[in-house]
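As written, the chain order gives the labels A, B, C, D, E and F, with residue 1 at the start of each chain.
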Amino acid sequence: MNRSIFTSFNKYLFIGAHPDDIEIWSGGIILRILHENKNAKVHCVVLTDGSAGYGTIEERYEEARNASKMLGVSSYEFMGFKDGSLHLNVNLPNVIANLIRKYKPEMLITHPIQDRHPDHAAVGFSTTKALFLAMVSPEFLEYEPHLCKNVIRFVSDPFQSPKSKLYIDISEVYEKKKEVILNFKSQLGVLVPYLQLNELYGRINNCTAAELFEPEVLSF
Amino acid sequence: MNRSIFTSFNKYLFIGAHPDDIEIWSGGIILRILHENKNAKVHCVVLTDGSAGYGTIEERYEEARNASKMLGVSSYEFMGFKDGSLHLNVNLPNVIANLIRKYKPEMLITHPIQDRHPDHAAVGFSTTKALFLAMVSPEFLEYEPHLCKNVIRFVSDPFQSPKSKLYIDISEVYEKKKEVILNFKSQLGVLVPYLQLNELYGRINNCTAAELFEPEVLSF
Amino acid sequence: MNRSIFTSFNKYLFIGAHPDDIEIWSGGIILRILHENKNAKVHCVVLTDGSAGYGTIEERYEEARNASKMLGVSSYEFMGFKDGSLHLNVNLPNVIANLIRKYKPEMLITHPIQDRHPDHAAVGFSTTKALFLAMVSPEFLEYEPHLCKNVIRFVSDPFQSPKSKLYIDISEVYEKKKEVILNFKSQLGVLVPYLQLNELYGRINNCTAAELFEPEVLSF
Amino acid sequence: MNRSIFTSFNKYLFIGAHPDDIEIWSGGIILRILHENKNAKVHCVVLTDGSAGYGTIEERYEEARNASKMLGVSSYEFMGFKDGSLHLNVNLPNVIANLIRKYKPEMLITHPIQDRHPDHAAVGFSTTKALFLAMVSPEFLEYEPHLCKNVIRFVSDPFQSPKSKLYIDISEVYEKKKEVILNFKSQLGVLVPYLQLNELYGRINNCTAAELFEPEVLSF
Amino acid sequence: MNRSIFTSFNKYLFIGAHPDDIEIWSGGIILRILHENKNAKVHCVVLTDGSAGYGTIEERYEEARNASKMLGVSSYEFMGFKDGSLHLNVNLPNVIANLIRKYKPEMLITHPIQDRHPDHAAVGFSTTKALFLAMVSPEFLEYEPHLCKNVIRFVSDPFQSPKSKLYIDISEVYEKKKEVILNFKSQLGVLVPYLQLNELYGRINNCTAAELFEPEVLSF
Amino acid sequence: MNRSIFTSFNKYLFIGAHPDDIEIWSGGIILRILHENKNAKVHCVVLTDGSAGYGTIEERYEEARNASKMLGVSSYEFMGFKDGSLHLNVNLPNVIANLIRKYKPEMLITHPIQDRHPDHAAVGFSTTKALFLAMVSPEFLEYEPHLCKNVIRFVSDPFQSPKSKLYIDISEVYEKKKEVILNFKSQLGVLVPYLQLNELYGRINNCTAAELFEPEVLSF
């Protein structure tokens, strides 16, 4: 029974709004999970096609597919919603509830509730509803009900520091994370400052690099 | 490196305002730590003499001493401040900073920042300052600086639900926790409702009983 | 002019998301109103069909109808929306505004703005808009405008304690409330912990049992 | 049992930081209490000497004494702390706890917790602690413990609108309130805008004038 | 480079929910901009037809057109959405993003995020999303991307005081502003109290009259 | 009258807790003020002796004195309180109120109200009280009353992003600011990450470097 709730689960679900969100804000914890726990299944779902930023849809999907191979995740699903449109989608809580019921993760990792990017905020806000809907039995959902007892959130808006902080020491996998990120050639200008933040969080914790998350609910 | 941040540390410090605070809000996690990790040192410090409630100071100290033996903690220190007076003590952040420097815990467990009880709130609020002061070098502190990288807070005010939640499953040690609590004969009327809350938290998590904490900072 | 704003109004409107919400969080105040004020009209509206929890729609409607008779309310209306779907309904503020204009209550009692259950939150959040819309004259609403000057909210999410608190002493009607609740046979596992909270609130107020509400606006 | 919690209590305690605070923010409710309830005892305590504003201490005390006679309150006590110094007084929670224990009010009316005036904020913030201390038994307090079950707060900072609102219709006593306020000759420039706010609150409530309060806890 | 960020920009965009919102909450700053900066373009957009309040749509449009001439603004556009319906319009962030891209303002002035009027709140809340969408490249928007680096918000809900305050001294243009407001004959009962607030804000700032705004982002 | 409220005032007061706080969080705006406004008086006050970090008191004072010469400020005062002790000093609001009355600034720039460093938080929190006390007439203060109508706050805690943001473009003075900072030899490890944040804020604003502040009150 004595195990880490961060790396010892059997099933993880990462949900990102865009093709590089999962990698930049949680690439390090994914690498630690897969290095420390050979039984872990890490599932990734990307909701939009990334069409509102730099690069074409095809380039972004290709970059994400390459990154997923470098990370070694178990599955990587594209939902194909239009980039920038998630805030228009009132059905999004149901979409996410179905993902939770489909993958039945022990731990869910996704965007925070408040975020300056409307797509991120839509995912974060809808996930709160989705977690509840996934465990009850509304007629309109698919799959069997599932209670996910561990949820942590990305710090995907640098101006929304979490009140509760979870630092994941990624010093040992930081070189590998940087390789993964360099793979997102169309997005490098946007992504590099977040690697600098990994180093800043590391300095605060007396280590080389760290990822910061907001723990929402943990059950040990 | 694959270990739980909740039960696998070598040194823990629990700080309570009154002689039964540590036991009622964290007795279960103490029992789990000591059952699952034979190397753990669990240090407890009680700041006031409990003189503002039921029972005499002597009775309350005796109850707490008995409880500490039943739990099996490594040390149990009484600071002897007057019950109800902590909000008057502008020096309290320094008192707590010195405790952090003295015991050098890897994890600190204490009252939350907002709490209807003025003593609890004084401890919780002062601890935020103390954690910072403990790691720098002001002239007026004792011992060597220490950075405590894991801090969780009691839910000692039932009307202040934490935004981030950490549930500790105490099902396997719940009978033992109840025995420990029954030992506080002078306080039973006050304490029993909190055992009911342990059962309510358990029901939410599909287990017999759980303790609820607010994670403030975790480093893994 | 010297009268209680809690039990002396002529018209009350209670809005609940599911067939047992009104009874569990406000059954006691309904009993007090009807016992202390023979002229009071108490209208209840249930928005969803309760199909996402235990029991069939028919069972839940039957339980609610029986409860309404035991309480002795003036009317009990089912709107029949799908359980779990209220967060999808962008028209909900208009639905509730029309209910306020139809029943013209002096006091409205419903769910709070923040609530972990998406249906509750949808009702609570939409009610704030509905109260404003009901008193102005948008083209798309029915009935005459109405300004409701007293609004109190259920504490239907035990993790969202209200900052402002209204305790209603239900000691004298508590046995009757328990009978009403026992009538919801399909939901007992969910409901019983809330009766325990009634007793906990009572203990805080030196009485047998109390219901807790959040006053939003009161006018005396 | 059917009575108003706002005007039917036997004992009220109003605490103001300065010699005109009670009158300007609650003169109307005092007039209503004393008009509607012949048994009510209304006690007023003013903490500072008013020396930091316009007028001398003697003028301000004289104005307050005259106002108290016009209102017809039962007692009016001056504590004589230096105006502007309450934020320096770490003992203030105990001072207020002793007042609560001395007067044993069923309802307490005082400044809010957040207020741009440091004296107001000191009173408001300390009252939260004082309410708790007054009901337990710390060694350093006088009188017998007392639980005050109804607390409402002034809106003494116009930039801190309360989330929960209590409007008291003072239309019938508004002319009298204005007479009382006109008595504070040294402070008229400061006070008149607040009478305008009484009229604005009235307009929102379809009456001539209203006072606005924040209900903190009510027990009915 | 030494210029005021409040009156020296070349292009301003004011967005109001109803035909008098821009004038009552920002008529003074418009007059100052146009008096102090002969090159300024001030564009106004009114989203709804004002049909839920007093007066007909035609009267309200006529009043607004007259006001716009008195102010001397560069353009004044009516979008014609139904009054009271903006909270139903999930597409509103895109509507506002298109306005930002069309007018390309250096400063945007509109409703705040929290506001008791559902239309105001819908505009305020959607503007936060719109500002982000306007600067990226989602497929479904028109015009070229634009980053608006200065945003200030009306205080259109008197019960939502901004934490950060921007006072604009309108003493020299206050007589003119009153003339503009008196032009809204159908709405005078609603508008006059806000002129009183202009005078109250002036008193706080040692001037005749002031408008209050919440600065959201300023770049100098 | 058309002038910038950020660089065109005659008198500025910067208050920092430690010998490098003013320079690192506001060195750029000081350089812009002094470059753009030859009449500006910039006064700096440092409250503590810096004895709790790296370097001796003498070294830190020397570094600060050199920096003040490089910046070209009008005065630079050391108050000499013990580093780390400001949270113990209940008199701090009066100390700061006296500074405001002594220097009579049109704009005050200091630490924010919430900050993980107890000294910063003590300064920030006390300044709110001090601003009020400085404009009234309590007996215990020196100098004549002063109303400071413009206040902006450092972002001295990187985990407390301000809700309202003021970006100051420091691109043209950034090389000079870096020279000033490099002068604080004993503190470089702590200071360099904040220069990185200046660059990150610049990137968000399409410029080389920017300082971020929280506007509290501005009056134009």
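Going forward, a contact is a pair of C-beta atoms (placed from the backbone, for glycine too) under 8 Å apart; a residue touches a chain by one contact, two chains touch by 3 or more.
What you are looking at is a predicted structure, and each value in this text was computed from that prediction instead of being measured.
A.B. asks: How short can a chain-to-chain path be from subunit C to subunit F, counted in steps between touching chains?
C.D. replies: Minimal hop count between subunit C and subunit F: 2.
A.B. asks: Would you say A-E or D-E is joined by more C-beta pairs in contact?
C.D. replies: A-E
A.B. asks: Could you grab the centroid distance between subunit B and subunit E? Build each centroid from C-alpha atoms only and quote it in angstrom.
C.D. replies: Whole-Å distance between the two chain centres: 52.
A.B. asks: Please tell me the distance, in whole Å, between the geometric centres of subunit B and subunit F computed from their C-alpha atoms.
C.D. replies: 38
A.B. asks: Check each residue of subunit A and list the ones that touch at least two other chains.
C.D. replies: 90, 165
A.B. asks: Which pairs of chains touch each other?
C.D. replies: Pairs flagged as touching, ordered by label: A-B, A-C, A-E, A-F, B-C, B-D, B-F, C-D, C-E, D-E, D-F, E-F.
A.B. asks: Along subunit D, where are the residues that touch subunit C in the complex?
C.D. replies: 1-8, 36-37, 147, 149, 162-169, 205-206, 210, 214-220
A.B. asks: How about subunit A: which of its residues touch subunit F in the complex?
C.D. replies: 158-161, 165, 193, 196, 200, 203
A.B. asks: Enumerate the contact residues on subunit B facing subunit D in the complex.
C.D. replies: Residues of subunit B touching subunit D: 51-53, 82-85, 87-88, 90, 116-118, 121.
A.B. asks: Within the complex, which stretch of subunit D touches subunit B?
C.D. replies: Result: residues 90-91, 93-94, 128-129, 132-133, 136-141 of subunit D touch subunit B.
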